[in-house]
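Same chain, two partners: subunit A is paired with subunit B first, then with subunit C.
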Partner chain A sequence: MKAPVFDYHRARSVQDALAALADGNGDAKPMAGGCSLGPMLNLRLARPTRVVDLRHAPELRRVEETSDRLIIGALWTHAEIEDGAMPCATNGFLPSVAHGIAYRAVRNRGTIGGSVAHADPAADWISTLLTLDARLLIHAPDGERQASIDTFMLGGYSTELGDDELLTGIVLPKLSSRGRWAYHKICRKTGEFAKAIGAVLHDPERGLTRVVCGAIERTPILLEETSAALGRAGPQAAAAVLRDEIDRRLSDHDAVFRQMHHTAVDRALAELGSK
Partner chain B sequence: MNRVPVTITVNGQPFTASVEPRQHLADFLRETVGLTGTHLGCEQGVCGACTVEIDGRPQRSCIAFAVACDGSTVRTVEGFDDDPTMSELREAFSTHHGLQCGFCTPGMLITSRDIVRRCGETDERTIREELSGNLCRCTGYMGIVAAVGSVCRGKTPEVEAPPVATPVPAAATAPIRLPEPAMAAGAPVRPSMAPAPAPSVAATPLASAAGDSAGWTAIDQTITVAAAPATVWDALGDVRGVAACLPGAEVEKLEGESLTGRMSVRFGPIKARFAGEGTVRRDESAHTGRVTGAGRDSGSGSQAAGEVVYRVVEGERPDSATVVVTIRYRLTGTLAQFSRGALVQDFVRRMAETFASNLSASLAPRADGAPPQAAKPVEMNVLAMLVSVLAGRIKRLFTSA
Partner chain C sequence: MSHTGIGARVRRKEDARHLMGRGRFVGDIKMPGLRDVAFLRSTHAHARIRSVTKPAGAEGALYTVDDLAGLSPIVTRSTIPGYKESTHWPLASGKVRFVGEPVAMAVAANRAEAEDLCDAVLVDFDPLPVIASSEAGRAPDAPRIHEEWSDNLFLESGFDSEVEEVARTAPVKVTREYRTARQCMHPMEGKGVLAYWDYQASQLVVVTSTQVPHMIRTGLAECLGLDQARIRVMPPDVGGGFGYKCVLQPEEVLIAWLALTRKTPFRWVEDRREHLTAGANTRQHQYRITAYADERGRLLGLDAEVMVDTGAYSVWPFTACLEPSQIAGNLPGPYDFQAYRCKTYTVATNKPAFTPYRGVARPGVCFAMELTIDAIARAVGREPVDVRAENLVTADQMPFTNVTKKHFDSGDYPASLRRAREMIKMDEVRERQGAAEPDGRRIGLGFATYTEQSAHGTSVFSSWGLSVIPGFDQASVKITPDGGVEVRAGIHTIGQGLETTLAQIASEILTIPIDRITVTLGDTATTPYSTGAYASRGIVMSGGATSKAAQVVAGQVRRIAAHLMKCTPEEVELKDGRIFAGNRSITFADVGFAWYMRPDLLPAGVDSRGLEATEAYKPDVDSGVFSYATHAAVVAVDPKTGMVEILDYVIVEDCGRRVNPMIVEGQAYGGTAQGIGTALFEESPYDDLGQPLASTLLDYLLPGPTELPSIRMDHFETLSPYSAHGIKGVGEGGAIAPPAAIVNAINDALAPLGAELTQIPATPERILAAILAAKGQMEKSRETAA
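For the complex of A and B:
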């Protein structure tokens, strides 16, 4: 199908984009690569009256750092992250996840910020950033703020972003040289949205021990008990309490769903153990 | 009709045209420029038939809008006549029988050239993985993979790694205050991001056969209210008040058992506003009620039907009541073609939780001891509602209402 009629505004700056969104009376939609919004427009599921193109706002491609954080603009594409177009703060975690997103032709246009703002529960960045305990930079008409990834996503396609706000950047922790990670997703076909995601991060020097279960048709979850066991006694101990925690946290899903998610996280833990 | 002038360089030649913003690049190439080598299959970024090079990188021309490509350089399958790698690939596709009907071939060739240049000599598994974004409906993958493999053989990657951006100190360019991270040693684990539901609300999707039959989905809610069952039953008779607890719902007219109204929902980029009719039936003796409704969203032409059945029973504690609610819904039309039904179900589940906690709050006895009454109708925004309930930001709701 073809997209419905909309007006197009090419934003030249974040301020310009915010003004165009505010002017849209709740019916304007920001677009970065358009790899999520494009299909929804073509299917006429989304019918915004105005599309605000963010690809020409230079602030959205910033790369900044503090002593323990790397801040990247929202507009970096998956392929650029895959190819290492910015310093890697995560010991290869981000490039590896980026490589597994959809297909190269999609990665060449789709952006990390667009994916996070779209908040598809089965997409990779939401689960990855939750594992990294990343923060998000949000620009609102009254200024900039940071959001915790823990509370940013409210559910499928729902985030704390208001109609007149923009996700402008990602604040990543710089992992220590001892920081290890593992990521396992289950897809029936390469490049499709994941059926289950297991992600594990262990960086004792940064105090980061996080095990995440994603692609659960709602906001990905941090598995607290499994994380605690991993921090205390390692991947095998974590795997021993995993089944119980998955069964409890995903109790409203059927046995096949729980088994698949257990497998994804279990494999990620095993991979971490072998690193 | 709004049109925007664009200039796009296609295969080395600039084309200037006035386009509708909704026109995607593939249609621009095929209809405005007249290059029909770029094919359209799914028009949703999945099949890969429309893959072209935009600014030197393969991309989907069906989900890139022409207006967004103003100033870009595009290369289509017609633009590789003098390209040595492409000529090797053309030869190899022929030798290895890498095409049958030929529909996927333009996209396959663009992707294959990128594989050869980026990967150089590589194994079959990598080639298959890299080709997985291009579908061949003849299923002629054996020949295509063999063709790409034969061209990759003996080659080294030609594409250089991108320059690595140099980070600037954050403080110098932006006043970013980094709050003290909650990752201090000794506190490795933070509370879950999923807020616990209100204690009085329990939502479980019905796994029963009835729940999924004929496109219907059902969700159960149990609401416990600190008021006598008879009082709660009476309060539930206020249809407008009850509707006010459901974000996005408005009752316009209520006559006897019939009502007309609207229901606005917003699900990420998807927005719909259903207008329709319904009925309200209450069985005084059994303390059961049934509200049904059906409506149409004129924007998408989609139809929704829904039903809420509730029963008021004695609560576990004295002077408390339990309202057992089952919500069933069915969506047909464009919106129902959205293939991620589980996400819609989660959305309705969250909405049902919001409804339950609003209803619970509106039915609870007020601080001044006055009897419970349904909430006064307030225009509510689904998103603001969800934000307030799920993130505990009740304040925001009332400042924006």
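For the complex of A and C:
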């Protein structure tokens, strides 16, 4: 289980990284924390001829605040988010989720951008960012664009990022002081990926009322009816329509799977109700 | 001076180096010219090999079975009637029989380059129908895993003392089917082997991570066609064995062959992925059991049919048949009943070769038996502890020979159950269960009582038909010229603390503190013969031999000291590391000095064996000394998620005299942690094509510190009448009971919902499925009623 030979390029800027990727003709891979790429290299599941290390490009660690947005670079680690190394726009939502990812050794290296780009369906950030209706900043050789998290992830481990593109930042909404959230994940053991994720955000002032069900072996889903019921009549009303919506949206899964996901979201709603 | 002999709670001698990262494992060794080896392993579970094409320029760096000149396959013999041998070529010959079977071997300057070489090999497989389960293996039209066999059974065997009569008359009858998952053992250090040719000694030196170095020498000699004197097996630090390293590994044979053939050093170190796939080799049983009882739950008889998913080959030397023999022999557990039938099917499948794992079969049989006891208790409406107590062999029956001729030497089994019940506060748990939990979870309480046959010897292993049978174990004890002690034994240290406990036994006899006692283990060139560390035998066998050798040396010391102090040997007393005659005393160094440096001071006609003795030991009765314990667990089950939390865990164990109570506790904690893994987490599933579905630690869950409860423990010390110092083995016990105790607790929690679990690991999915199924059943019966 040792990686095959590859070239290593330490990028000093986003431009440098983009150039190094373009130069690789589709055979180059960016590396952030290396938590997922490292094992894939060792298992020889990924065989890039060149690895482009992103950790030394300063733009990827920027923090930018506007009146209603916070933009953070893609290379912030889970541990830094957990520790509050940048301003928090989400009333503690991001640090709390970060704290629940794996264990500290993984959080010290793993990055929010790496996690989103990797698009593991069971990972925490994709469900969280979907709940926050965050947007993603993408740099391509021909310029920069923003993507909606809804459409960014095409499926498990698959995103709209091209081989020569980089995820450079996350655009987060600033929640109002009355914005509340709840996040419930079910895992077998500490540090394990989630079996089911329920995430809820309710910030009427910002027009954000979103209920998300994640860890469903594909892109996490926004539960529209449950979200609408939450906005209209609160967590209990949302819980009343949840079972039906889960059963319908996850009809390709068995009863045990649906039960587990129903519970995750139901508990997130209950936690929101008690906040 | 503080006592460091038997019973002292001293720190382990081996820990300092391990805690400082100064251990020396196969992977730590550096050697000029060392080449690393990687294996190209089969991606098919069952396939004919049409051809293997090596890349150009790989001459001398890539080997297939055709290149292994002079090598014989591993063939494990047994005298058990009906047993079928398998021919196991270390590199696949003609066909592959499991995913992960080595097909080719690559040699390079480092592991990565060796793997590059493997990548460049082209194997043309012709897939064959796959046998991925015991049922498939037994199907009448099943393809043969070994073509020359008449079916896919290594063995069909069992035990029968006639159950027909009780089957007809028993008022209570309980039938269940149980399944235990296939597992990997996951020692912290995987397998590893390094071999080189020692020109000075004219010996092949094999530095291997093994539990059984002296046996490995015999096995290697057979495969390599070499005199045993030409082989030195020199095990370094071993990072856990658990059974995984008690058999001759194909990789051991191959690395030894390379070094013998090329006369330069080679090494292979197993990685976790290899372990998870090619090492998924243990625990998988399927039971169908009918128990017969009276209205009080008193067992009248047991009728069982068991299948073992044995994998493709029969391991050397323990064979594919150790597991079924242990199943049939141990299923009756610590209980007293006479009507018993057990049929076992040892089924060859397209999986890695079944290898005995800590507890050998008993975690499975304890799970099956103890769940059955609880099922009987539910059937007769009594507390499971009461039904257990009703059936346990009692202290005044000891020594007791049970239906399968297991000879329980000593102990008070019911007392361990009573104490566990008291410690777990059963009445409080029952009361708590009466009220609903605020978080909606359900509380359950479970017990499991077992015996651990330890240090079973010649008579037992010969009844299993093995070709290598343990007899006497040997140890040497020697006083050094300056009054220190050297102990040597052929057993090996694998994390179980033998460097400390053997020193403690020598210290007990000689009174010399353990920091002046050096223990050397395992090296075939420097230690006397032992079959090795397995079957919870080390402390009884090597401990007994150390005790005996130390006593012989003590006698010599007395005679020389008597001469030096001008008294009779009877007047000499060894105490506090000195030698006394009345209130006069001399030191061991004085005696050592006289023997080695100043023979002119010795008495005339002094015993020429001097201050050194090698003694061989086995207990007076060699059928094993039985440790036992009761485990009790309180769990909370979340009926909405199927998640289980262990709220409380109690162990009441008895392993006779505890040489070092701290090490006994450590063995129980560690074993229990593994047992909790078996109960709740660990599983190597395979699909119908024989593909292992857990190939990383993301898929194969091991319990970590946060999944383990704080375990409370109590001990009895009922000495064995048969062994030196009354010691019994304790290495495996902890792993035996947790699946039974925990799943009994889960079932206790689920009983009000009508759900019952009969399969481990008890995953959230299985628990939810059981709850949903019970709910469906209830709804259906309500509909029919309406």
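In the analysis below, the second predicted complex is superposed on the first by the 275 of 275 C-alpha atoms of A that agree within 3 Å, B and C clash if a C-alpha of one lies under 4 Å from a C-alpha of the other, contacts with A are read in each partner's own complex, and residues count from 1 in each chain.
Going forward, a contact is a pair of C-beta atoms (placed from the backbone, for glycine too) under 8 Å apart; a residue touches a chain by one contact, two chains touch by 3 or more.
If you're wondering where the values come from, they're calculated on a predicted model, not measured in any experiment.
K.L.:
Which touches a greater number of subunit A residues, subunit B or subunit C?
P.N.:
B
K.L.:
With the two structures laid over each other on chain A, which partner does A:A3 touch: subunit B (first), subunit C (second), both, or neither?
P.N.:
The answer is both, since A:A3 touches subunit B and subunit C.
K.L.:
In the overlay, answer first, second, both or neither for which of subunit B and subunit C A:T190 touches.
P.N.:
both
K.L.:
Going by the contact rule set out at the top, does A:A255 touch subunit B (first), subunit C (second), both, or neither?
P.N.:
second
K.L.:
Could you say whether A:R44 touches subunit B, subunit C, both of them, or neither, answering first, second, both or neither?
P.N.:
both
K.L.:
Would you check which partner chain A:T263 touches, where first means subunit B only, second means subunit C only, and both and neither mean what they say?
P.N.:
The answer is second: A:T263 touches subunit C but not subunit B.
K.L.:
Under the stated touch criterion, which partner chain does A:L154 make contact with: subunit B (first), subunit C (second), both, or neither?
P.N.:
First partner only.
K.L.:
Go through the superposed model and pick first if A:I71 touches only subunit B, second if only subunit C, both, or neither.
P.N.:
The answer is first: A:I71 touches subunit B but not subunit C.
K.L.:
Touching subunit B and also subunit C: which subunit A residues?
P.N.:
1-5, 39, 43-44, 189-191
K.L.:
Please name which positions on subunit C make contact with subunit A in the complex.
P.N.:
110-112, 115-116, 119, 271-274, 640-643, 681, 696, 698, 701, 703-704, 706-707, 763-765, 768-769, 772
K.L.:
Along subunit A, where are the residues that touch subunit B in the complex?
P.N.:
1-8, 10, 27, 29, 31, 34-35, 37-48, 51, 53, 55, 62-66, 68-71, 79-80, 83-87, 102-106, 108-109, 118-121, 130, 133, 135, 137, 144, 146, 149-151, 153-158, 160, 162, 171, 173, 189-191, 206-210, 217-222, 224, 227-228, 231, 252, 254
K.L.:
Show me the residue ranges of subunit A that touch subunit C in the complex, using the header's touch definition.
P.N.:
The touching residues are 1-5, 39, 43-44, 186, 188-193, 195-196, 255-256, 259-260, 263, 266.
K.L.:
Per the contact definition, I'd like the list of subunit B residues that touch subunit A in the complex.
P.N.:
1-2, 4, 20-24, 27, 43-46, 48, 51, 54, 57-60, 62-65, 67-68, 70, 111, 114, 118, 128-130, 132-134, 161-171, 173-174, 176-179, 181-194, 203-205, 207, 267-271, 299-300, 334-335, 337-338, 340, 342-343, 345-347, 350, 383, 386-387, 390-391
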